[in-house]
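What follows are several structures.
Next come two complexes built around subunit A: one with subunit B, the other with subunit C.
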Partner chain A sequence: MQPLSNIDSLLHFSPEILLVIFAAAVIILDLIVKDDESVAVAYLSLVGLGCVCAAVLIIHFSFRNPVSLFEGMIRLDEFSTFFKILLLFATAATILFSLRSEELDERLKGEYYALLLAITLGMFLMASATNLLMIFIALETVSLTSYILAGFLTHSPRSSEAAFKYITYGAVASGTMLFGLSLLFGMAGTGDLTQIGGQLTEHLASGAVAPLAVLIAITFVLAGVGYKIASVPFHMWSPDVYEGAPIPITAFLSVASKSAGFALFIRFFYTGFGATGLMEAVDWPLMLAIVSALTMTVGNLAALPQQNVKRLLAYSSIAHGGYLLMGGVLLTSEGIEAILFYLIVYLFMNLGAFYVVVLVANEMGSETIEGYRGLGSRAPLIAIAMVIFLASLTGIPPFAGFFGKWLLFTAVLEQGYYWLAFVGLLNSVVSLYYYARIFKAMYFEDADEETDRVAFSTGTFALLSVFVIPTIFIGFLNIFYTFSNVSVSVLPMQ
Partner chain B sequence: MLLSLMIFIPLLGMIAVLLLPRESEELIKRVTLIFTLIPLALAVVLFISYDRSTAGTQYVVNVPWIDAFNIQYHIGIDGLSVTLLLLTALLGPICVIASWRNIEKGIKAYMALFLLLETGMLGFFAALDLFLFYVFFELTLLPMYFLIGIWGGPRREYAAIKFFLYTLFGSVLMLVAMIAVYLNSNIVNGVAEGLRTFDIPTLIALASTEGHALANLDFQIWVFLGFFIGFAVKVPIFPFHTWLPDAHVEAPTAISVILAGILLKMGTYGLVRVNMAMFPLGLDHFTNGIGFWGNSLALLGFINIVYGSFCALAQTDFKKLVAYSSIGHMGFVILGLAARNDTGITGAILQMFNHGVISAMLFLLVGVLYDRAHHREINGFGGLGTRMPVYTGITTLAFMASLGLPGLSGFVGEALSLLGAYSEFKWLTILSTIGIVVGAAYFLWTLQRVFLGNLNPKYEDLPEINGREILTLVPLAILTILLGVWPNLAIDMFRESVTNLVNVLQAI
Partner chain C sequence: MTLQHYLVISAILFTLGIFAVLTRRNAISILMGIELILNSCNLNFAAFSRFVTPSDDINGQIIAIFGIVLAAAEAAVFLAIILAIYREFGSIRPDEVDTLKG
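What follows is the complex of A and B.
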């Protein structure tokens, strides 16, 4: 397949171009409208996302075959389309959350939405980059934008602290990753992911390259990717950042940023290093398995004593990164398929849980577990929704989270990594304990003072049902399995 | 169709209840009652129209569900499941009536969760696809957790989470075993052939096919253990039993009834349906093998019987006593199953049904007393026989049935289990009869402390059991007597299925 030239690529690149146009338009509109009408800016960005989504779909259906764009810098295929749609949904949800979140009220300015559109652009590139250089640029676009978004509550010291920690960790991780990328480039003599694996296998066989050097380079790259998906030992930033950042941004980071990180992870390892010869020379599947086991265990154990729901969900999100990594350990197509399916499910259940956190923070003014006391009788529907999200996160049937975990564990067991499956399953049991603390607060305890039932608008319930219904039904429907299956089958593997 | 209807009508009921306004409590209760009576009627129809002369599954529905993994919505009934379906459907309306007056808050949520629970239980007993089976098995967890945690006693939060964590722990081990079975379901002589499957009848056939990966002894031993622990938590089998006394004591009356009557049976039903039928080699290893392992299952049954009975003897809380007696009685089921012969398995299955009926009665009776006196301290009563003669009469009947008095249903199941086990495990069976003696001791002693002697002056005005409460007890009492004198009514249902199972087990 011949990569398209720069000019020919532009048409295929129209979703990304549209994102840039709308980001600029949002800033301009913000200058025009009055302060109290800034909602219009939000709607414009939603319209923008809609247009981008339409563009993605039109391009997907008009040019079915995978194509390489910009002389092999990025690749357009079902896999990237899958992630683009996922990311667009997450961004749209984040904008809607932001509209309803009271902590953001004052600062809902154009640049907030422009930044969200910009970060989406970066994630699009992360999902489609096939060149080491492009990978780094995409990652940096996303990172730099998220630093600003995490520190968006300028009046809150916690938010600034979050941004500062995020930058410090991010800088180190990016630097390490860049070093790893340069090592790879030096050893393989090419930056093209589709060729790197073959070149390295050749050089390893001829003895020109030491296996240890490849392992070191991969480990360094993993630092950058691991930082994005918050895997141990690069997870330390995430609880503080998740706690300090505005809730919609926390939701966004925990879902979109993680998904994009996995897109990059899969593309990088599956396309670049899926070659079996390479796997025999360098035992990095074991390394990934250990990272995965540690990530879920650390995430779950650290979540146990948390009192702040946001922080609790942050740790739970680390743990989910660990579950997701399980599917990637041996880079089989079943495993990748499981990751993609789980990401769909995770998108709905985790965003849903964060939406409830936004609503509770608005109404009760609290992010702690105590703030959820008596929610079962004060806001029954919200509480039921939360139960569904958390039960799904635990992996209890009939909710979608169970089907996702089932796919992941099947993929792991199929490869004979029994110990990893056991660690994962025991972690599910542990996770029940801290999710159940929220159940307990909502249903088994009464609120401190007598409070009336809280009324929510129809819009709130409508948005909530956008997350509840998929969380209940995704597992029952064939189409989502096919969707993730098709997205994997197009990935080239050497 | 009939079967699907039966499973999902309670779910429809749940939706109906959720749509009703929370203020109209009477209406909610009536609607729930109707939606539990329909499955009962259907269960009776199934029970009567079930063809007793064959061992095959009947009323089969088999439609594809998740094509990508060859998962089917496959349900059907055989003699064992139809018996337990009837029990489940019968306890449904009884529990609704038992909850009529003594659930004070959130009746709407209570009834909705109860109906969801019923769908889970009915579906579990009818499922013939392993995946579906697991989904229904787990479907009971969440409602049970909330039913104990919201409407339970003082230590309800502890009891609820303990129940949830224990069961989930067992379930995940079961999940591993289930996935392992699925992954090996198309491997013959080391070569993958055709599609993988979750279909239980297919898997049962494959597990005794020469050269099939499922028929490998080591494989069967491991997956047997995985499933076994999952079900053992539910039964509960020592040492996984510690959640049960807590959950029972804290749960509201009707939920205790469901716990003892149905949820424990889910464990033993799973043992028969999966562990015994699907892994005969694994079963052979634990019941007929050499040395310690060959006696292990019977030993667990023995421990359950004796340990449960002695624990019950030591209790002064009425409900805890009944809870521990449940552990003891489930031991007979395990012992009977471990025998692997016609008599033992028949006894075990009969004991499942009978224990469901008798323990339901016992918990309802404890509830009646608790609603009046607001405590369950056995030593705090005395002489109630004069104040509440009807209540005393029914309680005596339930006690006698539970301690195994000939003529009542409890005797038949236990006697057959022991008889079957005697030919296989002579000494363990002889020692197990200690449990019966101790059982008689604690029930008679309780009878004496609560109903005989001098009337505690505090309870001079204790009202007699009322019509609604009698209504919940009468059907169960009739069954107890009926099955005591005419056990073939139930045994005929599953005779062929048992013969079939025994043939497979003995063929090894």
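What follows is the complex of A and C.
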């Protein structure tokens, strides 16, 4: 299939163009409105996201066949549409959290929302890039913007430190990745992801390229991708960054950034190297399986002693990265499908848990587990919602997290990786312990001082139910399975 | 000059960059190390474009130009963050910036 030329691509590219227009409009509106009316800016960003979502859907339904845009730079298919909708939802939720959050400086909120729209654009490109150059630009757009957002609380040492650690790790990881990409480019003689695999196989067969060189190049690329999805050994930044960043940004990074990283991971390996002989020269599945097992184990064990709930959820999010990687071990379509389904589930349950963290931080002024003491009697509905999210994160039926894990485990078991499934199961049990600590604080420990009930507005409960209801029901709805199934079926196997 | 010369130089640059990032105790020196890493990649792309791809195919050089732009953007953000660190901690030594632990 011939890629579309630059001019013809513009129509298909309209969601991204709309995002840029709205990001610019947000900056301009921020200059016009007064400092204490920054809510208007947030609403404009939400309207923008709504328009982009409509554009994504319209384009999806009017051009059903996958197309390559901009001379093969990016690809528009069900897979990228899946991630675009997922990411739009995550961004919209983050904007709504930010409206409630009391951490952020009102005067700077205009820039903040514009940056959120810019990062969404970067993630859109990450989910659809099919060229080495585009992959790198998309990754850097997301990274640079998230460094700024992590350090957005300029008056807070924690936030500045988070940004500093983030950019130091991130810049080295993306530099290493670029070095790997440059080697791949040199060995394949092309930057087009759809051709690289074939070219490399040819050159390997003729002896023009050494297998070790390909192994090194791909490992370097894995450093960049692994850093985005916070897999061991590139996870060190994530607890510090998650703890220091504003809570809405932590939620955003743990869900959206990770999803976009997985989109890139899947597209890079599945499209680029899926069925070529490259996968046989090195035991990739075993390497990925080990990384996945280490990631979940490290994440879960490090989460056990944590007192700060944000940091605890950071480690839990590393562990979930490990579970998700299980699905990618053999790059089978069942595994990828399980990853996509788990990403939907993870989006709702993790964002929901972080929303409760925002609410508790606002009302109790605390991010530690002590702040959750007596929440069961002080704010019963919030506490119940938190229990549902935590149960789902653990993987207890009948919540959605159970069905997500079920799919991942079956995908792994079908491929004969019994030990990996066993490690995953053990890890789920371990994770129950630290999730239960929050549960225990909420219901079995009394708050030290006041024990008044805390009143929340209807809007808070409405937003909370947006996360609770899917967390309960997604597993029973066929449409989400179909959604992830269709999204995988379009990925070209070579 | 053959392709090997360029690749060896870029590999040396890359290693020096990683070495600087790991050993230097000053945020600016770390930034310089990162710049070395990014420049070694640009050198690679330009060299591959000259020696490997057909002469009318300038994709490699284009990627190198984008690499320079992104390196500049990264340096700008990094310096801004260093400034914020200096305001909060009165130091730009990474080992003194460690309130987040656990």
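The rule is simple: the second predicted complex is superposed on the first by the 488 of 494 C-alpha atoms of A that agree within 3 Å, B and C clash if a C-alpha of one lies under 4 Å from a C-alpha of the other, contacts with A are read in each partner's own complex, and residues count from 1 in each chain.
Operating definition for what follows: a contact is a pair of C-beta atoms (placed from the backbone, for glycine too) under 8 Å apart; a residue touches a chain by one contact, two chains touch by 3 or more.
Bear in mind that the values here come from a model prediction, so they are computed numbers and not experimental data.
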Following the overlay on subunit A, give me a clash-or-fit verdict for subunit B and subunit C. fit
Check whether A:Thr482 is in contact with subunit B, with subunit C, with both or with neither, and answer first, second, both or neither. first
Let me test your reading of the model: by the given contact rule, A:Leu426 touches which partner, first (subunit B), second (subunit C), both or neither? first
Between subunit B and subunit C, whom does A:Tyr443 touch in the aligned arrangement: first, second, both, or neither? first
Return first, second, both or neither, reflecting whether A:Ser377 touches subunit B, subunit C, both chains, or no partner chain. first
Looking at subunit A, does subunit C or subunit B touch more of its residues? C
First, second, both or neither for A:Leu413, with subunit B first and subunit C second: first
With both structures superposed on the shared chain, find the angle between the C-alpha centres of subunit B and subunit C as seen from the C-alpha centre of subunit A, to the nearest 10 degrees. 140
Tell me the contact category for A:Phe185 with respect to subunit B and subunit C: first, second, both or neither. second
Taking the superposed arrangement, what is the smallest distance in Å from a C-alpha atom of subunit B to one of subunit C? 24
Residues of subunit A touching subunit C in their complex? 132-133, 136-137, 140, 144, 147-148, 151, 154, 156-158, 160-165, 167-168, 171-172, 175-176, 178-179, 181-183, 185-186, 189-191, 239-240, 243-244, 305-306, 308, 311
Using the touch rule from the top, collect the residues of subunit C that touch subunit A in their complex. 10, 14, 17-18, 21, 27, 30, 34, 37-38, 40-41, 44-45, 47-48, 52-53, 59-60, 62-63, 66-67, 70, 73-74, 77-78, 80-82, 84-85, 87-89, 94, 97-100, 102
Quick one: which bits of subunit B touch subunit A in the complex? Just the residue numbers, please. 65-69, 106, 109, 134-135, 138-139, 141-142, 145-146, 149-150, 156-157, 160-161, 164-165, 168-169, 172-173, 175-176, 179-180, 182-183
Would you pull the subunit A residues touching subunit B in the complex into a rising list? 376-377, 380, 387, 391, 394, 396-398, 402, 406, 409-410, 413-414, 418, 421-422, 425-426, 428-429, 432-433, 436, 439-440, 443-444, 476, 478, 481-482, 485
